[in-house]
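Written out below as structure tokens is the structure these notes cover.
Order of writing sets the labels: A, B, C and D. Residues in every chain begin at 1.
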Amino acid sequence: MNPVLSLRDVHVSFPLSGGRVLRAVQGVDLEIPEGGIVTLVGESGCGKSTLGKVLLGVLPPTRGTVHFGEVQLWARGFRWTRELRLQVQVVHQDSYASLNPVHRVQTILGGPLRAHGLVRGAQEAGRAVRELLERVGLTPADYFAAKHPFQLSGGQRQRVALARALMLRPRLILADEPVSGVDASVRLSILELMKELNREEGIAFAYITHDLATARFFGAGHPMGVMYLGRLVEWGEVGTLLDNPRHPYLKALLAALPPPDPLQARQVGLLPLKSLDLPDATRPPSGCPFHPRCLLAEARCEAGDPPALLDGVACHLVEGR
Amino acid sequence: MARRLLTSLATIAVAMTLTFVLIRQMPGDIVHQWAVQLQMQQGISYEQARLQAAAMINYNPDIGLFEQYFSYLGGLLTGNLGLSLTYRIPVSLVLVQALPWTLLVTTLATFLSFVVGCGLGLLGALRRQSLLDPLLTLYATLSQALPPFLIGLLLLLVFGIGLEWLPMRGNYTPDVEPGLNLPFLLDVALHAVMPVMAFALPAMGDWALAMKASATSVLGEDYLHVARARGLKPRRILLRYLGRNSMMPLVPSLATALGSALGGSMLVEAIFGYPGLGFFLAQAIDRRDYPLMQGIFLISTMGVVLFNLAGELVLARLDPRLRR
Amino acid sequence: MRTARPTLLPLRAGLLRVAGLAWLVGFLLLLVGCTSRPPPLGVFCGAGEWDIPPAYHGNPWAPGGVGAAAPYVYEPLFVHVASTGQYLPRLGTSFTEGPDGRELRVSLRPGSSWHDGTPLTSRDVQCTFYLGALRGMPVWSYLDSVECPDPATVLFRFRRPSPLGRVDALTEPITSPVHLFGQHLPAILELGGAQVAGGGGDAQPLDPELAARLRGVREVLFRFQPARPVGTGPYRIGRVTSAEMSLEAFPQHPETDRLAVRRVRLLRWGSNEVIWSYLLAGQLDAAAPACPPDVASEILRRRPTVRMLTPSDLSDLGVLLNTRRPPFDDLRVRQALARLLDRDLVRRVASPFSETFGGLQVGMGRQIARRWLPAETLASLEPYELDPERASRELEGAGFARDSRGRWFGPEGPVRLELLAPEGQSDLVLLAETVAAQLEAFGMETEIRVLKRDLYSARLSDGDFDLAASFGGQLGRYGDPTLAMERFFMPGGQLQMASGLPGVLDGLDVGALSAGLRLVRDPLAKKETLGRLASLAHQELPFLACFEKRLTLFLNDGTRVQGWPAEEDPLWTALPAGAETIYATMLATGRVRPAEAR
Amino acid sequence: MSALRTLVRNRRALLGLLGLVFFLLIALLGPELLPLDRMPDPDRRFEPPSLTHLLGTDYAGRDTLVQLVHGSRDIIQISFFTGFFAVLLALAVGLTAGLLGGWIDGILTALTDVFLTVPQFPVMAILAALMRVGDPVTFGLVLGLWAWPGLARSLRSQVRALREREFIEAARVMALSPVWILTRELLPNLVPLVGVYFIRVARDAITVSVGIMLLGLVPLKVENWGMMLNMATFQSGALYVPRAWAYLLSPLVAIVAFQFCLIQLASGIEELVDPRLRRRA
């Protein structure tokens, strides 16, 4: 199957004051298949949101290539066309900031539809918006169409954002932590809705999260990448990865998850790491970037280049190296 | 920080140039000004009066703007602000004499209004259901609507003319010996009461409102509950935690207020005949004394910039997020 | 969870509390405990202007001068009482005039000395006049030289004898002791006073080199700034602040025994309403601000010891008309204006204590006119009486018409007038307002602009206005209508310049005629010329007088000082020359003395 | 329409709005109902309030109420135009600086700083000597010339903050045009800020215009509120005449009341806009 989007050796770095450079993304290769789902997990600050912006096409990579289908983005002579733009849409983490607070839902959704000439006149727009709202489970649609974003709950706002993302018929939706700001009780229903859209409309999803539980739920059966300090450190099918983690980092993350049994939960403390804090990304450690926090780190982890992603995992210590 | 300092300097320079050009665009040059006065006094013809006037101030009005500007700049570099056209004494001498009086009144007024205003605001935040709150808001709104010079006039009417409690004008009576002695200090303080009040009364309302808002938001913070839970005395909580923490966001604007008070004292000082910067500025504008006007503009602009800078510094010290 | 730690100011709460409390207590104490005390008995409180410290200095010639202290610190040779023509001796005891008016010999009062102890001689008088030349003193238009035959005698020699020149010479305050100012004298003596003064009609213009040299001399003179003025007067300056000046008696003054009031306190004038407030608070013993009737009665009500006098100012107030541009370039319109304005209404609003100005617009009040103008001239003029009907007819005759809403239209469209008034002069502002109200009611749109004094006069001399509230005839310290006629007709005269009245009227060179008036010594010839000019003023109407100004003079008799003369005293007619000089004279002669304690 | 409804629900805003409507009505209808008679009647000067003269008379015996009513037009126009020009300038400077960034932003920010630094009133005094003003529009322009920097500064920072907001990113990936983004997404968010500032400036304009009138920049109109105050304090001495309290207080109270309404409306809007305050309300 052809990938919707493929990244080859993508680097993103930001110049900071004082000549320092923040390397947010380093050497990432990624393919998102048509109608598929790719999950990216990692702590906050690991560069997954920056990678998201590259996927979205709003941030050019400092190095490497991005292909939308056959088209190479950011190549010499490349120009955005509307069709290209509309192929990827987004659902943000902060549902409040992602919807214009001064407009009603009707305008938020109807405005772009009319701007793109997909509907004509207020009546047609109203009908289209109502259909959309029903599609994302906001009923009665008339009631929600008349609301301002601040009058909705977090979950409802994410549904509106989802509706906005899908209404222009994209091939891929980037979902950047779509449920982290939503009450736990409605998380599942939103993820369920996204899965449904993936299944029924054939829209591919790039799902970015720090929450392994939702990753397992949403990305099951699809590939997942684990990011650490701007690099992919592990890659594989979600279930496989979560059941048999190979990289010490993922192992640590999984160890911190509370087990389903509440009686056991107390015994699990914090992340089993040397240090809780992520290293300063502007001064990454030598060698394997994970070594200052890794409980298993050896001398060779500190020296030389960071390990490459071989066989789905980037670690000096994994068997077979 | 060096960058910030540099932009401040640039701001001063541009503001100075702007006022320099503006001042010299005023119609009615200084010779004309004096000529008209002479004509009225002596009933002579205009030509004659103009000759006399030019003689009186010994000034050549026919030097070009650019030439004037560059010679002024040259003087500035050596710390020379020029000679006042009307007084024939160095501008810096006038400034040195006038600045302390303005500083006295504006700092007194600003700190007084700050302290009282913050106190009232704190009370207002604590007793939000009582009558104090709407009264405070009403006072603040009313005082915003009454400019200081009108308040000054009313004060004059009540305390100067009506009750005859306070001296109406000036900075001290000539009967007292200036220096570090009690009668002089008392006399100065007495003369300062009305000008200070004219500035402080309206400003108080603003501070009270700001303090109330700030204290209200602090009241919702966790550490207050923690402090209360730790069993600290209410008074201690009030002052140490609530008072201080809600006052902090206001400190930078305190610096800014001090700065702008320097430039805003013209009308009030004129009403009370108080010999500060504003008083001399009004005189200088009246008599088209360009070097003096320029000097006063320069010093008040510098005041605003410096106090703003100080405000930013204080803010940076208070808010660790900005320190980097 | 980490608890949020409050960031604390590096300040002790206790310190803050104490400081705050100290503030409050201090201010309350000040407010309640200390109240200002009025100055004690026997101190005279006057008002005036001066440059405030640090600009204040003791050089009368440097810009700013010595301010309000001058009449108390310096003495003139004589004080001129305009109404009687009398000269009251001060530094001079007597004077004799040569037969052709070319010589004036003045004897000085014996025993006079400067405040620093140096005796006064005729050289000091000479020095004063020659330094005055450096500043263009007007008397040099007549003077040839000032000489010192002996230390007690001054001899004035005139190039152009004139009654006005005599007044100028005799009333000039003597300010410049030769031991302080003498260094500048040789240069001026060498050139001659008239030459240096640079005015006076026939003086040759200075060549540039000389002008530059004089500028240098002036700069040196201006730089000389003793801390306090040195005079010969009955008072010396003690201390000066921005709002007050205090003076003490000069013990070596020859007439110091007559001086009953030993201290003078001067308050800063600022503006009229400042003086009102001082009067209301009972802080002044003599002041003559322009004063609305209600404020005056309020002052009199609150201060029972205050009397109000309304002596004449020898001047009149009204509206100046711009004869350069429409509509007032048309004489018929000017005359119509004179008939449509209710000038007495203007007086009643703007200055109720003043006197109604009659229908004769001759540039001077009725009494002065009767004294100075030929009777037949006065009889021949037709007075302008209030007659709006006739005014309308005249306007229609001049090509103006009214529309249905009563608005007047001229050949150039609707009549739109701009009326200027000088800021700070409340009677002129009110005058302007009442005139505008009447014009509006008559159907002429009128916009009032109250301008800063210098802008006002700049626009007047540029002729950039339609109407202006202004002084008309002014007799000033000479008490002579010559000044008024000069203002009206002489090229460069204030009203002439503003109204744009041509120099030749009815085939008469009014410019030359008015300019020569000062030198006419024959009373009959003077009356003749005055009559011709005055009737032209009446006919051409460059200025429409509304009322003859009377001062509102407030005298506080019995609080601190007492003994002010009654309104009839001729001394008050010298008021236009400067009220302070009169107060000083009354103090110096002991007429005003400390009040008796009650 | 619903914005108005929310506005009305806020008590302060409602008070301010009602007051403003009241003043507007007076300005619109008042002069038609009460004709201005400027003819002096010196015998009736400084009369205290009575049935014939509800607010007494002035120094020339004319009705104070009529002057007050006629003066309201001027005050409202001047404050409106001042606000209008200040907002116009601020929008131009603030939006350009915020949207374009780079060296243009640097220059405009520096310019704003300069205007914020130079003391305002003395400059006005000099401008007063420079320009000749005849009508409320030019008056507003002169006042507005120095009133914009505050708003320009907050607009700039607001625009820069909004530019980073996710809904702008969403609009960009939806391939909406820059014009659309500016007019439909950005500007509506700035309306409350601009509105509140407009009211602030309009309010300041009243105080400043009183000061300017003392400087002779504008034609004297007896019915102008600022001029009435000037006449009461400086020219006619009403300040010192107890009988004249009504003439002194009328313009004072009117000015304060008008400003009060503006302030109420402004803080009402602020309360509505600031989500922190709204949650508590």
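In this section, contacts are C-beta pairs under 8 Å (C-beta built on N, C-alpha and C of every residue); 3 or more make two chains touch, one makes a residue touch a chain.
Small disclaimer: the values here were computed from a predicted structure and weren't measured.
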### Message
Comparing the two chain pairs, does A-D have more C-beta contacts than C-D, or is it the other way round?
### Response
C-D
### Task
Specify the chain most distant from chain C by Cα centroid.
A
### Message
Just the number, please: Cα centre separation of chain A and chain C in whole Å.
### Response
87
### Summary
chain C to chain D, mean C-alpha position gap in Å, rounds to 42
## Note on the structure
dist(centroid_CA(chain A), centroid_CA(chain B)) in Å evaluates to 55
### Task
With chain centres taken as the means of their Cα atoms, state the distance from chain A to chain D in Å.
49
### Message
Please output the residue numbers of chain B that touch at least 2 other chains, ranges allowed.
### Response
27-28, 157, 161
#### Entry: For chain A, residues that touch 2 or more chains besides their own
none
### Message
Among all residues of chain C, which ones touch two or more of the remaining chains?
### Response
277, 280, 452, 455
### Touching pairs - complete list by chain label
A-D, B-C, B-D, C-D
### Query
Considering the complex alone, what residue numbers of chain D touch chain A?
165-167, 169-177, 180, 184-185, 188-189, 191, 275
### Query
Which chain C residues qualify as touching chain D in the complex?
271-273, 276-277, 280, 291-292, 294-295, 298, 345, 348-349, 352, 421, 423-424, 426, 429-430, 432-434, 436-438, 440-441, 447-452, 455
### Task
Flag every residue of chain B that touches chain D in the complex, lowest number first.
7, 10-12, 14-15, 18-19, 22-23, 25-28, 141-142, 144-147, 149-150, 153, 157, 161, 217, 260, 262-264, 266-267, 281-282, 285, 296-297, 300-301, 304-305, 308
#### Entry: chain D residues touching chain B - in the complex, by the definition given at the top
110-111, 113-114, 116-123, 125-127, 129-130, 203, 207, 210-211, 229, 233, 239-240, 252, 255-256, 259-260, 263-264, 276
### Query
Across the complex, what residues on chain D touch chain C?
38-40, 42, 45-46, 59-60, 129, 134, 214-216, 219-222, 233-244
